[in-house]
Amino acid sequence: MNVGLLTGGGDCPGLNAVIRAVVRRVAAAGGRCTGILEGWRGLIREMTVPLTVAETHGIVGLGGTILGSSRTNPYKNPETDVASVRAHFEALGLDALVAVGGDDTLGVALRLHKDFRFPVVGVPKTIDNDLDAADFSFGFDTAVNIVVEAADRLRTTGESHRRVMVLETMGRRCGWIACYAGMAAGADYILVPEVPVDLGRMLDSLARRRQAGRHSALVVVAEGARLEGPADPACYPPRDAPGMPRPEGIGASVAWIIENRARVETRTLVLGHMQRGGIPTAADRVLATRLGLAAADLALRRRFGTLLTHRGGQIAEAPLTAENIGPRSLDLAYYDAAAASFA
Amino acid sequence: MNVGLLTGGGDCPGLNAVIRAVVRRVAAAGGRCTGILEGWRGLIREMTVPLTVAETHGIVGLGGTILGSSRTNPYKNPETDVASVRAHFEALGLDALVAVGGDDTLGVALRLHKDFRFPVVGVPKTIDNDLDAADFSFGFDTAVNIVVEAADRLRTTGESHRRVMVLETMGRRCGWIACYAGMAAGADYILVPEVPVDLGRMLDSLARRRQAGRHSALVVVAEGARLEGPADPACYPPRDAPGMPRPEGIGASVAWIIENRARVETRTLVLGHMQRGGIPTAADRVLATRLGLAAADLALRRRFGTLLTHRGGQIAEAPLTAENIGPRSLDLAYYDAAAASFA
Amino acid sequence: MNVGLLTGGGDCPGLNAVIRAVVRRVAAAGGRCTGILEGWRGLIREMTVPLTVAETHGIVGLGGTILGSSRTNPYKNPETDVASVRAHFEALGLDALVAVGGDDTLGVALRLHKDFRFPVVGVPKTIDNDLDAADFSFGFDTAVNIVVEAADRLRTTGESHRRVMVLETMGRRCGWIACYAGMAAGADYILVPEVPVDLGRMLDSLARRRQAGRHSALVVVAEGARLEGPADPACYPPRDAPGMPRPEGIGASVAWIIENRARVETRTLVLGHMQRGGIPTAADRVLATRLGLAAADLALRRRFGTLLTHRGGQIAEAPLTAENIGPRSLDLAYYDAAAASFA
Amino acid sequence: MNVGLLTGGGDCPGLNAVIRAVVRRVAAAGGRCTGILEGWRGLIREMTVPLTVAETHGIVGLGGTILGSSRTNPYKNPETDVASVRAHFEALGLDALVAVGGDDTLGVALRLHKDFRFPVVGVPKTIDNDLDAADFSFGFDTAVNIVVEAADRLRTTGESHRRVMVLETMGRRCGWIACYAGMAAGADYILVPEVPVDLGRMLDSLARRRQAGRHSALVVVAEGARLEGPADPACYPPRDAPGMPRPEGIGASVAWIIENRARVETRTLVLGHMQRGGIPTAADRVLATRLGLAAADLALRRRFGTLLTHRGGQIAEAPLTAENIGPRSLDLAYYDAAAASFA
């Protein structure tokens, strides 16, 4: 059996552990693996590498993906690209495809399976932890630990200078990273997309903290938190105010508001791509390995049109459906727990 | 309401996050907390500190326990010590006690509750992950990451010198740390108490690996793995063999066997107490914080004789019973997954 | 003897190790220490704390400064503030002052010594490594390691996505951090203030790299590198070009140029204040401890109007002069060594 | 020009950075490099790999040595092995050899140069920092940081349990790692080979500490510290005392003494090979890169029979002599500075 393997969308720590596990399980069953380069683009253009146990040696703790990734979607040019995908899949002599990716990558897998009974197994991947298929997705734990290490560093310099430090994390659609890392770092306020931003409450909280004698604070903000809406307009720089340039990005905007409304020195850090790179944590390596082994099992048993889920600590098979690759918001119980640290 | 708080048994990263969370939740509800020093010993001898929000500031990421710990058990001298515990509990004006500890510490809590309706709430703590009450216990994730970092370091020097590196981890009764960290590190063999040790199979596996051209290997061994029993006696140095000193400790014994039977240079590292110290990981801080908040809630609601459990990702209340604080072995599905990396 | 101790200017890892060492040495000689809070502001306003061996326990590895810091300069209002400094110094019964800081903080010390024979000992501090008094200044090693860890993370995601990653480091006046960290990270190009920026050469280098089959690259840029001047105007977005917003910051500008001129996806990370916070490295703790011990010795021996230098690995006494606290540029031999990695 | 390159003796972090730098500099000069595998063994047996810029990509931050290492010494069997070294050097068409190693490896280089004008350039390597040629040798900074991280972890658990923690570091002949790491960790006592061990003084110091209310302590011991000699026999378990097994290793012996003489719970950690593996620190990568570039320059300029030195922060050429590769003891000024933290 020849199992193709591709990684699509934004990369995250743990992808190589998935690859390694698939290759080892398939090899142990007497099959072989073909690595498809750069996500779906590799099937459109037939860019592949052989994947053997020897070639995947030592990658369990390596960041990124040795297969490369892309956001290429063959359904943008279905007539040419979907046809190429099918033709190259045939030409490569593949019997199955394990596709590791987020909603976009798995959305393609879903359509291919629906349209052509394409023999695909999906492995959900989202560093933001925002896929319905998983309570916790690999890469998330690594990202959170990177944020917490940065937050711990910002704390000490913030306290030395009595500054508010604003740390902007990944999370365009959801607040998992911001909330989870904020709770771990003992953040003094956290802003996430799932909770309407109440700037007045934030400023009150920071003021109470100062009254209690703590002149530094740490605010964690998810990239996707939005200031629009019911916020007190007095807090916020209007877009066209003369001589009042509106800062770019949510982190800088929140810092602007704190500095100008609370009159306290404030600094911002946008961690960006650092959150998705480098050595994965132990938990991410283990979860990714378990998913890789399970995906190989499904492929070997020809359970196609399926997806792996990770819920309640268990990895299970589920149908590859739009629901299962749908979005997942922050569990607000976590936000409430984190908010217990707010003054 | 005056909530007493103690930490007993071996310390682990996350205890301070529990303490901080209890204090914050109790304070938010208008109560106050009293810290009992050094586990049950602090109630026997009335050694306490006040615990306020200000005094627990900045400890969420601090290793150890600011309250100190001990293995003192008042039921060893019940007439004097149990009486002291009850008298001091009264004298301190405590309304509830949150006890954070393993089977010993919680066993005392259980007896006190049975014998005297002592108003206690238990929080399970085990760095070894071997309590029935929790799928994953705080401290475990930190320990595993420490082991994996050590393993990653041992790998590079092992490969430079074509040596087998044997890494002995904590785990007297269970193989959770060894198995989980071994899987994350891509260990070439793992020995745990739950799986009968088959030295012949281990040596065969290492030999296959060498035949495949890999002259270095990493073997992870839980402290509690046992060589006695069905092992091939040819593998093992008999205790009284002349001129053949039996090495101390399981790690050194396994290394002895590999060096002498497989004739390959072998080195051992026993990580010991380093695994239970220092900065907790993000996941341990979050889990500990959630447990602390939930424990405070139980105390505030006077739900005594209870214990928190962490199963399927959920924290829940359960009765404080011998079963719930009973032992928990390694889930062998993890061992099977880890074994997929063995040659 | 009563030794005052203050930390001024931007904080950096190692300040607490200096404080601890001064306190221990002075205490061992039978003297005592008084901590001045928030730099010179603490002497203007008489904000102090006692500093004992017990109170400085456990801070050798703590980031920031337990004394707080500020950029307050009494010579801005000499009539009131300099007078206050002198009056409070008297009132506190201080015999000596150890001032830890950069050119601003030590400049005040220098003037006070010149004007009033103020009994001061200076300890140079600059995270940017840009003071003449030291080949290597404490805090620098920590900052560099933080940059390198970030760079290692950016590498893996850059390679997965075939992107150029631009990492902007601290260094307003000098390129020490960018160059040293860039060399350690194997950066593919480095931009520093000391070397005129040649954007054409940078783009050629990145192009050669791509021709050699490497589609990702890492560019490290010091905050203070300047694009103005002899740069090819074709590379750079003019400030008023319609529909072409000029990006803010040097990192974003360089990324803009690479993305638009080399037509390759590019991402930027500005590490900012994270570089000056958190746990100091071993080398910074050792250097800071050695400086603290030497500063205490000078104070105890009443060698005032002096400064410690760190040159050729040796710590020595020097007169506190404008030259010794003058600026220090990157040693270009390091840049040449780093450039050996450019394609 | 064809430059051979080998790494001998115990590996250490930074070797790959040396290799990478040599390869890049030689390639830039139009030459090429040949990697000799496993130290001198690779020349005896003609085991080589080509070393190109592409093949050394991404190794600057990789622990160990991609060339492998060994302690093989051709002068043990000079008639056969030295002859093989010379014959294979010829057969491989090598023009120069860069040998990276400690006193053994460089001792062979020295003899080969003396006996046959062998065209060799030496790069000193010692993780223990015990070679005369270098104030600081690459690998040392990494080892020290690993020790300090372990010490920081031991601290928190030691304090929770009021235990003395004994940490045994590398350093068979010298106390550099123990002293430098001990100072960085704020160790309460440090034992090194260069300072006669005075157990009575150590016990007194720990007792004073307890009297000051600190019930935990950290003792750092170099592997090569010796208890023999003027030590109080009352402190030490005699080798043949009945029922009193003498512990193995210096760390365990010191712990035995503290536990039995001071009557305080004590635990030991022997860090061993973990200290020489894994990702090198920034400073080690930079130093190794500078040495590699300088070694390539010497080879390209045919400056054979030379060695690189690292003194006063400068890298310089020196003759390859027995003196220059002779031993180097701990600078006792460091020990005195570290001792300022002893109670």
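Here the chain labels run A, B, C and D in written order, and each chain numbers its own residues starting at 1.
Rule of thumb we're sticking to: a residue touches a chain if its C-beta (ideal position, glycine included) is under 8 Å from a C-beta of that chain, and two chains touch if they have at least 3 such contacts.
Since the structure is predicted, the reported quantities are computational estimates derived from the model, not experimental observations.
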{"item": "Labels of chains that are neighbours to subunit A and to subunit B", "value": "none"}
{"item": "Chain whose average C-alpha position is farthest from subunit C's own", "value": "B"}
{"item": "Centre-of-Cα separation between subunit D and subunit A, whole angstrom", "value": "41"}
{"item": "Between subunit B and subunit D, centroid-to-centroid distance (C-alpha), Å", "value": "34"}
{"item": "Overlap residues in subunit B, where contacts from two or more other chains coincide", "value": "152, 155"}
{"item": "Sites on subunit B touched by subunit A in the complex", "value": "20-21, 24-25, 28, 53-54, 57-58, 60-61, 135-136, 141, 144-145, 147-148, 152, 155, 180-181, 183-186, 212-214, 279, 281-283, 285-286, 289-290, 293, 312-314, 334, 337, 340-341"}
{"item": "Footprint of subunit D on subunit B - complex, ascending", "value": "7, 10-11, 13, 15, 38, 62-65, 68-70, 146, 149-150, 152-162, 165, 248, 267-274, 276-278"}
